[in-house]
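Okay, so subunit A shows up in both of these, paired with subunit B first and subunit C after.
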Partner chain A sequence: MKAERPPLRRREGSPWTGLWAVTLKELADHLTSARMRLLEGLILLTALGTVSAAIQTLRTTVGEDPFLFLRIFTTSQQAGDIDYSFVLFLSFLIPLAAIALGFDAVNGEYNRRTLSRVLSQPIYRDALLAGKFLAGLFTLAITLLALWLLVTGLGIFRLGVIPSGEEVGRGLLFFIATVAYAGIWLALAMLFSVQFRQPATSALAALAVWLFFAVFWPILTGIVAQVVRPADNPFAELAQIQLRLALSRLSPNTLYAEVLLSLLSPETRALGPVLITQLEGAVRGALPLSQSLLLAWPQFTGMIAAVLLLFAGTYVLFQRQEIRA
Partner chain B sequence: MARLLTVFLAVSLILGQAGIALAAPASGFRGLSLSTPYPAQTVRAGERVTLTLTVKNFGLSPQAVALRVAEVPRGWKAAILGGGRPVAAVYAEPDQEIAVSLQLDPPAGAGTGSFRFLVVAQGQTATAQLPLTLTVGQVLPPRLTLTAELPVLRGPATSSFRYRLTVKNESDRDLLVNLEARTQKSFQVTFTPSFASQQVTSLPVKAGESKDIDTEVSLPREAPAGTYDIAVLAAAGEARAEIKLGLEITGRPDLTLTTPDGRLSGRAYANRATPFKLVVKNQGGAAARDVELSASEPTGWEVKFDLQRIDALQPNQQREVTAQIKPGPKAVTGDYIVTLRANAGDASSSADIRVTVYTSTLWGLIGILLVAVALGVVSLAVSRYGRR
Partner chain C sequence: MTAVIEAVGLIKRYGPVVAVDDLNLTIPSGEVYGLLGPNGSGKTTTILMLLGLTEPTAGQVRVLGNDPSRNPLAVKRQVGYLPDSVGFYDELSARENLRYTAELNGLARDDAETRIDEVLTRMGLRDVSTRRAGAYSRGMRQRLGLADVLLKRPQVAILDEPTMGLDPEGALEFLDMIRGLKADGITVLLASHLLHQVQAVCDRVGLFHQGRIVLEGTVDALSERVLGGAYRIHLEVDGQAQALEGTLSAVPGVVRVMRESPRGYLVEAKSDVRGAVAHRVVTAGGALLSLRLERLGLDEVYARYFQEVRHEG
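Let's look at the complex of A and B:
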């Protein structure tokens, strides 16, 4: 006869209940908030500036290019000492926008003392968190989609060329990758908003992480790689480069940059060091879309997995919290 | 009777000539002389003969000398011309010579043989006789000849056929020789004088001289093997010479390496052999023997043929060969050029195949697995920590 074990605490009810209500409400809040308008205006201005400059450059310099529309995103211009392009601005502004949307998602509710009021409705906690996350993601996705369509339309209008199917496919994948990249920062900001009770603290923490990966991580990887694998012969040099690359791939910025390189420059054949013997007999040419995607697939899936894991962490943290304050 | 006369005339001719020959340098000779440089000549049938006669007065008083052609064969017409007009006499000052020309017109149907003439110069005190003999030739003497150093050449259609021809002018006049070649329509024949660079169709050849002409024949590449004739004709007025040149084209294998549908690109996965079908064709005029297939591939790649060597490939025959191309394990995704070659001694062909290396989708599955694990973690967390 088996001993009667205490039953596992099983959840009751579906976690989806109330999810869409929260999502739609939050979405409406985001889309009408002054914060979001400010960010949208910023993104729009920089996008229009960089894209018109890129189109101007393309019209004067490029004779024929099978991937003209992708060049709109990647062509860089000189402004003073810095080179800038659309994707460069985007990779700077996306984390800022995502952090701005997520840093007070949960602790803001605490501070306004609205959390227990919301949860007294037939809404689960998981639905609240997931709904807030999805709303942030949708907001970013809507903005980015509008931006992408705007840029493409501007390209058609100014260049007089219609994007090919492959260009549209690459553009869509670029859009998805950008949403995933934004999702990482959104999930991170929400993690901090669960962890810290003060919105200022969580915002600062998220910005610190962003700054760390954007500025200090490249320096750190270089130093660490040099210390761990000193380059005294060519093989050690290669090992050092590979270690540095592996370390830098821990940063979402590197992952996103590599995905963009692979998707928006079809000539890219490898991400990382290539030996000269591997290029013997190689001829220049663009990779098909499937191969470009396969090249960046680890980075791509890595970003999506990072979003999911960060969300899972936030979820666990939130569920274990005492919220009846 | 006629025979006796001939002998007599011949003797008198010799005596007459000897007399003049002996008399001319003699200082004490007084009298008239009648001479011509070539009193016995061979001439062509039907041709008017013009001889230059010289009358000289050796120490006699100035006098008129009557000239007449005493003996003329039947049918022949003789006329003595001086200053463009027929003359019957010349006036000879002492120790002076006067030149007249003697025009002899043969009759229309004159046969061959020897014809004798006798010209007499009759002065007041002296007389001179000049017997002449014209032999009318039996055949037409050749005026132009055309010879070839090497009249028959042999080689593949792609080689150059160059004949050295010599055209000789065997007449007494300068000639402008026209050159002409008769042969296959697709052959091109050009004439170049030796040691010159310009091509010519005609060239002047001085009397008695010869000129070398380089004759080059260029053929179309696909000219079938066989023997061909080329007739080269040199013509100057009615004088013409012809020579037959022989040209023997030996067949030569001509290989082409391609794919059955002509497509020279394909995909291959890194470190995995992919078959590429190839076709080796012989489009030449002779069989190709020992056709060897080879490849120049990037380092680390492997190219294997199911048929390394084809023993013989007849003209217009083709063979299918499969090449297993295996990109190296470290090949980077994208396009590479692999050169495949078919070689049979003098004939060879190569094909550049653009191989697009694809990455195995195994890594893609691993990425999806990673996402699935992350999703599993989320759902585990949801089922474990889900609460109101």
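Let's look at the complex of A and C:
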């Protein structure tokens, strides 16, 4: 007996039809929106502030450091009790900008009652979702690229030094990593925009996740590691540190910070605890770019995987959703 | 005439709720078909299934020969849809909104601009096309919605509650535009709960109730079937109006005669029997003061039908 197989119901036509139209429209919306201008202004101001201060500090040490240009991003200043640097501000503001671009991506269309009209055009839902994501990512990439070029230009102008090829390479990788980091928050915000009908709810949910990882996760990992692996001898202490590190790497913030550390501080040789014995015979000095990249590779792929996972989740949710408001 | 829209045994369930229950629908090319019924009777769900925006639980759908759940792009390329209370991007102008639709339809830029001008002119929005869509009145939005539908030069237009929220004048104007679609050879599927408004433009109607089409046909045929007599004649007679009821009942075609007031009669008939009725009144010695024909509409058909259904139940 031959088993009766149900007919394969495969949809016809490309899921990418209309992708470009959606992307361009959303991109135009983002670039002209008051929301984005506000964020751009905020990012620009803080960037200029931190970078100028960093350059001020660096001017005293020109010539002593082979990676002067990278220091512009990482040198931290003290203002009262707070240490701040360009990358610190960036890792703080990027999630905010990404959430601002994505939190009302889908529920905004519901509320404006445009969703059914747009989806009754000859496109698949795929195109709408992917187009919105790409537009958000392009917007962030354009802003970040402009920022990176601006800071580099400022560095050349104020320090009178031209960045070396390796520094440019590291800078570019830093830019790509930042876009990937932004992609995580954008995808998360879009996930919530599909899940919740009220834009205010989705914005708050996304901000709550961000706050959780920025403030509570470091505290939580410490507590959990202490409870699970009490440090009563040196080996247990090492295990505790490793557990804490492993847990904290579930946070995109940690992944991004580690990528930045290895890319922007070439002298970084390990992203975890290093034993004295392991340092024996090590040559002091900076790692070449390829080695720094190798060091940060797991974190890098981890961030991209997070983007893909979140986007896939959003996609599944959106496909299953009913169109009627 | 070929069937443009064909649905056989269409069922849609949302969990335990049956939104559309074993629906059979055939709409031939060039027809204006009214899908009528109260809110929540499954009209919009049916439309979404026809467009492939919702997957049917069971049953077959063919729109212009395509299966909407399998080949939605081919369907949506030829079918225009005006959703219930249509929305636009308020911060964009009317023209920019249409431009986006044109891009989603993959129209070339030159072609798109020509078509946009064409539909805006047709809907009388040409002069306000640069205004933000957010500043549009309800009536203008609805016309912009129809412009949006016409932009892709559809073979089928599906309009969901097109006259809802419009003032009477605006509604009439809009119905005229729907007649214009028919003149262009576009098949129109109209969903509405405002029965009296849309009955004038529909070639055929299907009355929807709890996910089923309970009555289908031309408006006249339905009134005939449900109300018996589709014509109501109000008479006002002065003088010795004693035995008129008997006299009037004898007129061929009269179904029922009722006395509404001392001088008023109501005659229900299958055809327009005003002449015969007037003649009888006069020959019987009555002074005919007035005679008024009342055409019964779908509202009465609907109300009467469900009265009967309830009585039977």
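Throughout what follows, the second predicted complex is superposed on the first by the 319 of 325 C-alpha atoms of A that agree within 3 Å, B and C clash if a C-alpha of one lies under 4 Å from a C-alpha of the other, contacts with A are read in each partner's own complex, and residues count from 1 in each chain.
As a working rule, contacts are C-beta pairs under 8 Å (C-beta built on N, C-alpha and C of every residue); 3 or more make two chains touch, one makes a residue touch a chain.
From a predicted model like this one, the values you see are computed outputs, not experimental measurements.
In the three-chain model built by superposing on subunit A, subunit B fits alongside subunit C with no clash.
In the superposition on chain A, A:E322 contacts subunit C only, with no contact to subunit B. In the superposed model, A:F311 makes contact with subunit B only, not with subunit C. When both complexes are overlaid on chain A, the residue A:Y124 reaches subunit B and subunit C alike. The larger set of touched subunit A residues comes from B, when the choice is between subunit B and subunit C. By the touch criterion defined above, A:T114 reaches subunit C but does not reach subunit B. In the superposition on chain A, A:E280 makes contact with subunit B only, not with subunit C.
Look at A:T17: by the touch rule set out above, it reaches subunit C but stays clear of subunit B. Of the two partner chains, neither subunit B nor subunit C is touched by A:L145. Superposed on chain A, the gap between subunit B and subunit C at their nearest CA atoms measures out to 6 angstrom in whole units.
Comparing the two complexes, residues 11-13, 119, 124 of subunit A contact subunit B in one case and subunit C in the other. On subunit A, the positions that touch subunit C within their shared complex are 9-13, 17-18, 21-22, 24-25, 29, 112-114, 116-124, 322-324.
On the side of subunit B, the complex with subunit A involves touching residues 297-301, 328, 330-338, 354, 356, 358-359, 361, 363-364, 366-368, 370-371, 373-375, 377-378, 381-383, 385-388. Against subunit A, the residues of subunit C that register as touching in their complex are 14, 44-45, 48, 51, 53-54, 69-74, 76-77, 79-83, 85-91, 100-101, 103-106, 145, 148, 152.
The part of subunit A that touches subunit B in the complex is made up of residues 11-13, 15, 119, 124-126, 269-270, 274-275, 277-285, 287-288, 291, 294-295, 297-298, 300-302, 304-305, 308-309, 311-312, 315-316, 319-320.
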